[in-house]
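Shared between the two complexes below is chain A, which has chain B as its partner in the first and chain C in the second.
Moving on, here comes the complex of A and B:
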């Protein structure tokens, strides 16, 4: 077995270990809150979307797609040495791009998706430019741009741009009623899962994950980006334009988050509520644990995102009779939080395996 | 005598994935002696010392201190046993001051607060006593490599260590500084400290060491008394064959000018003055021009300005008849400029990339290695394998080895292989033999001469006097950012060169040299 396959296996084992420990801690919390019904609640979380077939599975698929995208966004930035904590803001601006092209311009879905992508890219590029040319830490600028993006989008949707906000529902208009052609096609999936928002978005997300994997590992562009991430000075020495690459990395990262927003909103999964939306979308931030759980591997992101979507959907099925609705969020948050420790577990697993091997060696 | 040895490492074996770095090695250090550890790059010296210092655990074997078996699991254990080490690659916190680095881990406190004044006094005393000149309040990132090393040595002295490990301490020092260090080492030994001295430099071993243990390819070859041996014998034990010490070369036949530098000025990052002041000279095809000087006299900034890593503030550079003052690094590389950088970890390598990825660091974009934006990994692997074989770069897992895990010498060889194989019109080599063994140095020197004989230009920047005298066809001495002399290596003595380097003597250098 080569070192590389060993390393990949080790990462997978560590990620699984994280999930198991996360689930156990979740179970303990459930016991503390309501011991009698803990096991029932826990089963529902574990079953996730499968608890309520086929609708649950459908909504799990619908939720996975945007999560894969924000996970990719963060993972891509990590691989190139940047911490994009602004995926939430890029996602929010992406929402505006998608909805503007759908509700106002009545464009076909792929144009709307492209608009979401461009909006996200622009929002990602700004912190990149600040980092590359003024040496301002990208974490600070991305956080600031999260909030600027949120309130800007709220303002635009609520008053500046007429025809997006529906006074009756206090949300943006439903795409299905205003511009059905802007919805991502479901190819019969909604019928199968008896849902309204299960579309081919998931396949687009998976395809983009594969694309990112190829870019990072097989192309000269990925080689340059990673070189900048690992060692900026050596990249410069090699004649790589490090500043341009930082901006490009952040742009791509932002574009991925923007596509995530497009995939979710253009599937008709939800409408934006500009008045109530004073918190950044959680999907943006959940991209961080997804990327960590996947150890920044784009293909791993797909599985990590599906898992997080799985338990999130499961959490929604907790009986509100015994558990407050917030408890579901809490459990899911704990599990996701523990997922972030994957790098730590990897070290532990490697240590244990190493010791076992050494022990065998002595025995001989 | 029960406790003749202060440290004994008995039958030490250490295995890494794919490589046995130490194979049944025994090393016994007497109290108050200077014991040299000699071996080629990758012979396992650094590994052995890392085991003694608690950075690695041996696969098998025992360590004894004063006859008692000890287990050194962490550097803290080593510190408790009063074992100190100056690493080949310094372990300093870049954004801390010199004083902060010295007291790091043993910070003197008064209540909850740091009490630095006492520490400062002690450091200044030690610095005075041993002639280790440092600026206690300067940040590590602002000071020269030489001063960083003096900080490392002071770190050990500050901790009152009794076993001192020096991992190639003289590689970056000037001749005068080396002489000073030799004196210091002798003094320390006289005061009862025991010194383990890892080096490739046979002259230094002959001068200071009492005994010497030789390793070759991870195996123990023998321990000899220096008084009873010769340089030639040592090098034969180390390399396994006879090595020539002088560089064998014909007189140079310089042809047309390849590089023309006029009035180059480069600002300094550390202070307000310019680091390079109005420097002008030419390098012609078929000659090796060497810039000699004490570390920190503007050589680093000069090379960075020339290669494009930093901007120059005045003057022009022309290369093969074209003005390249404002050209990008990539353009210079395309035109045929190769650069062996001074700091291999900072500039020369992406340590977390594999060996094959590093071998194409400046060439990955060429059609040979990519097609439509996709890296031709097979072509890259074959090319890397060729270089590894040709330049004898040793690593655990061949082309797939992560470079961080390779020994310093082999990392350097990888860079040299990469840069020379580009077949450049001008090779800028900065300290190319830093940290290498005699066998490798011999090889690299012969490569530099071969480049010259092929009609290429070589600009060598070196702090090593032997290298300057042996390899170069023409010497330019740099002192405080200026070229103060142009010398012919055949016409001057080492002592004279030293005087120029120290600024005690200067010539009027003609405008065009």
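Moving on, here comes the complex of A and C:
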């Protein structure tokens, strides 16, 4: 086994360890709240979408697609040495791009998706520019632009742009009733899963994950971006334009989050409520645990996103009489907290394996 | 105008308390992005005390609830300290996780509490109702809440502690050059824990101060609605110095208050909506950060885990 595959395997084991501990904490909490029904609740979380076939599986697929994208967004930035905590804001602005092109301009879905991507890219580029030219930490800028984006989008959708906000539902108009051509085709998947928003979005997301993997690992461009992340000064010394690359990294990262918004809203998954001024979309923030769980590997992101979607769909099936669906969020949060010191786990796992090997050597 | 001053003071105290907390943590070398979560947990603990002990006399209830919020904040901040100091994990990731955890914990606890007290009718809300009369005093036309007084005291104490005592110097040295601090016998890990715990206490009180004086019902689904992040901006804008932070807090609070009163006063004639005012402090701080970051006075060793073996 080469060093590299060994490291990948170790990472996978460490991530699984985080998941197992997180789930155990969840089980303990279920026991504390209601011991009688704890096991029932726990199996519902573990079963996830499979608890209510086929509808649950359909909604799990529908939720996975945007999660893969925001996870990719955060993971891509991580790989290039940046922490994009602004995926939520880029996602929000992407929602506006997608809905504007769909509800107002009645464009076909792929144009709307492109619009969402461009909007996300612009919103991602701003923290990049601040980082590259003014030396402001991207974490702070991203957080600021999350809120600026949220207020801006709410303002635009609620009052500035007429024809997006539906007084009756206090949300934006349904795409399916205003501009059905802007919906991402479902290729019969909605009929199979008996849902309304299971579309080919998931395949687009997986294809983009593969594309990001290729860009990061197989191209010169990806290598340059990563080099800036590893050591900015060394990259500069090697003739890489570090400022341009920081901005580009953030732009791509933002674009990915924007596509995520497009995939979700153009599938008819939800309508935006511009009057809730305090809540940034959770999908944007959930990209962070997804990326961490996947160790920032674009292909790992796909599995991590499906896992997080699985758990939260499972949380929704908890009997509300005894339990709160947010227990699923709690489990995910515990898992990321553990992910923060995943390097330590890796060391422990490697140590245990090493001791075993040494033991075997003695026996011989 | 009175309304503007009232709201400004309300917000300024909260932002200042939390930003001062962040300052202690960062001065000791630990980036505390978990302030948002610490505020939510502190607020939760304080409000629980109010909801459970509503019959107690004000003289008991006020200090106990504030103490509860501070203690809850400290306990929660220890989670950050454990991952960032003892395990040397990435401080931003640990903090982000704690922010997400805080909201989830708050919702689950409040819903479980409501569910139990309403004999399990299912679908309980994440809202707690409480009385805040004990915290508010009327002096002439002004209504002053107790947190204003606490805030001013803490501001002065913070300044004296950080810049006029040997303990403050020790704490600061851990954030500037921990190796040098260690070489003269200062326990870097211990001081970083102290820094994080102070930030937990102030963040917890700040969260309580954010929730209690203005409303009598709080829906924990929104956490503290980004106030913790705003406090981080206030801290940077205040350049990690107590009195600058107080000034920055007032600056941010003015805009925040404008958003609150925009619809009901003469300002509505300007035709600017609430959203625009809400955006303003963020935009203003971005512009200021862009111009000031070149000569930023951030603690030099913040965000870098201290490893004794590394020189």
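Throughout what follows, the second predicted complex is superposed on the first by the 335 of 364 C-alpha atoms of A that agree within 3 Å, B and C clash if a C-alpha of one lies under 4 Å from a C-alpha of the other, contacts with A are read in each partner's own complex, and residues count from 1 in each chain.
The rule we apply is simple: contacts are C-beta pairs under 8 Å (C-beta built on N, C-alpha and C of every residue); 3 or more make two chains touch, one makes a residue touch a chain.
On a predicted model such as this, the values are computed, not experimentally measured, just so you know.
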{"item": "First, second, both or neither for A:324, with chain B first and chain C second", "value": "second"}
{"item": "Chain B versus chain C, judged by how many residues of chain A each one touches", "value": "C"}
{"item": "Partner chain(s) touched by A:134 [first = chain B, second = chain C, both, neither]", "value": "second"}
{"item": "Partner chain(s) touched by A:4 [first = chain B, second = chain C, both, neither]", "value": "first"}
{"item": "Shared chain A surface residues [contacts with chain B and with chain C]", "value": "none"}
{"item": "Of all residues in chain B, those that touch chain A in their complex", "value": "17, 59, 307, 309, 328-333, 339, 341, 346-353, 357, 361-362, 364-365, 370, 373-375, 377, 397, 400"}
{"item": "Residue numbers on chain A that touch chain B, as the complex places them", "value": "2-4, 218-221, 223-224, 226-227, 230-231, 233-241, 358, 361"}
{"item": "Parts of chain C lying in touch with chain A, wherever the complex brings them together", "value": "33, 79, 83, 87-90, 92-94, 96-98, 100-101, 103-105, 107-108, 111-112, 115, 120, 122-123, 222, 225-226, 229, 232-233, 236, 273-276, 278-279, 282-283, 285-286, 289-291, 293-294, 296"}
{"item": "Contact footprint of chain C on chain A as seen in their complex", "value": "29, 33, 83, 85, 130, 134-136, 139-141, 143-145, 147-148, 151-152, 154-155, 158-159, 277-279, 285, 288-289, 292, 320-322, 324, 326-327, 329-330, 332-334, 336-337, 339-341, 343-344"}
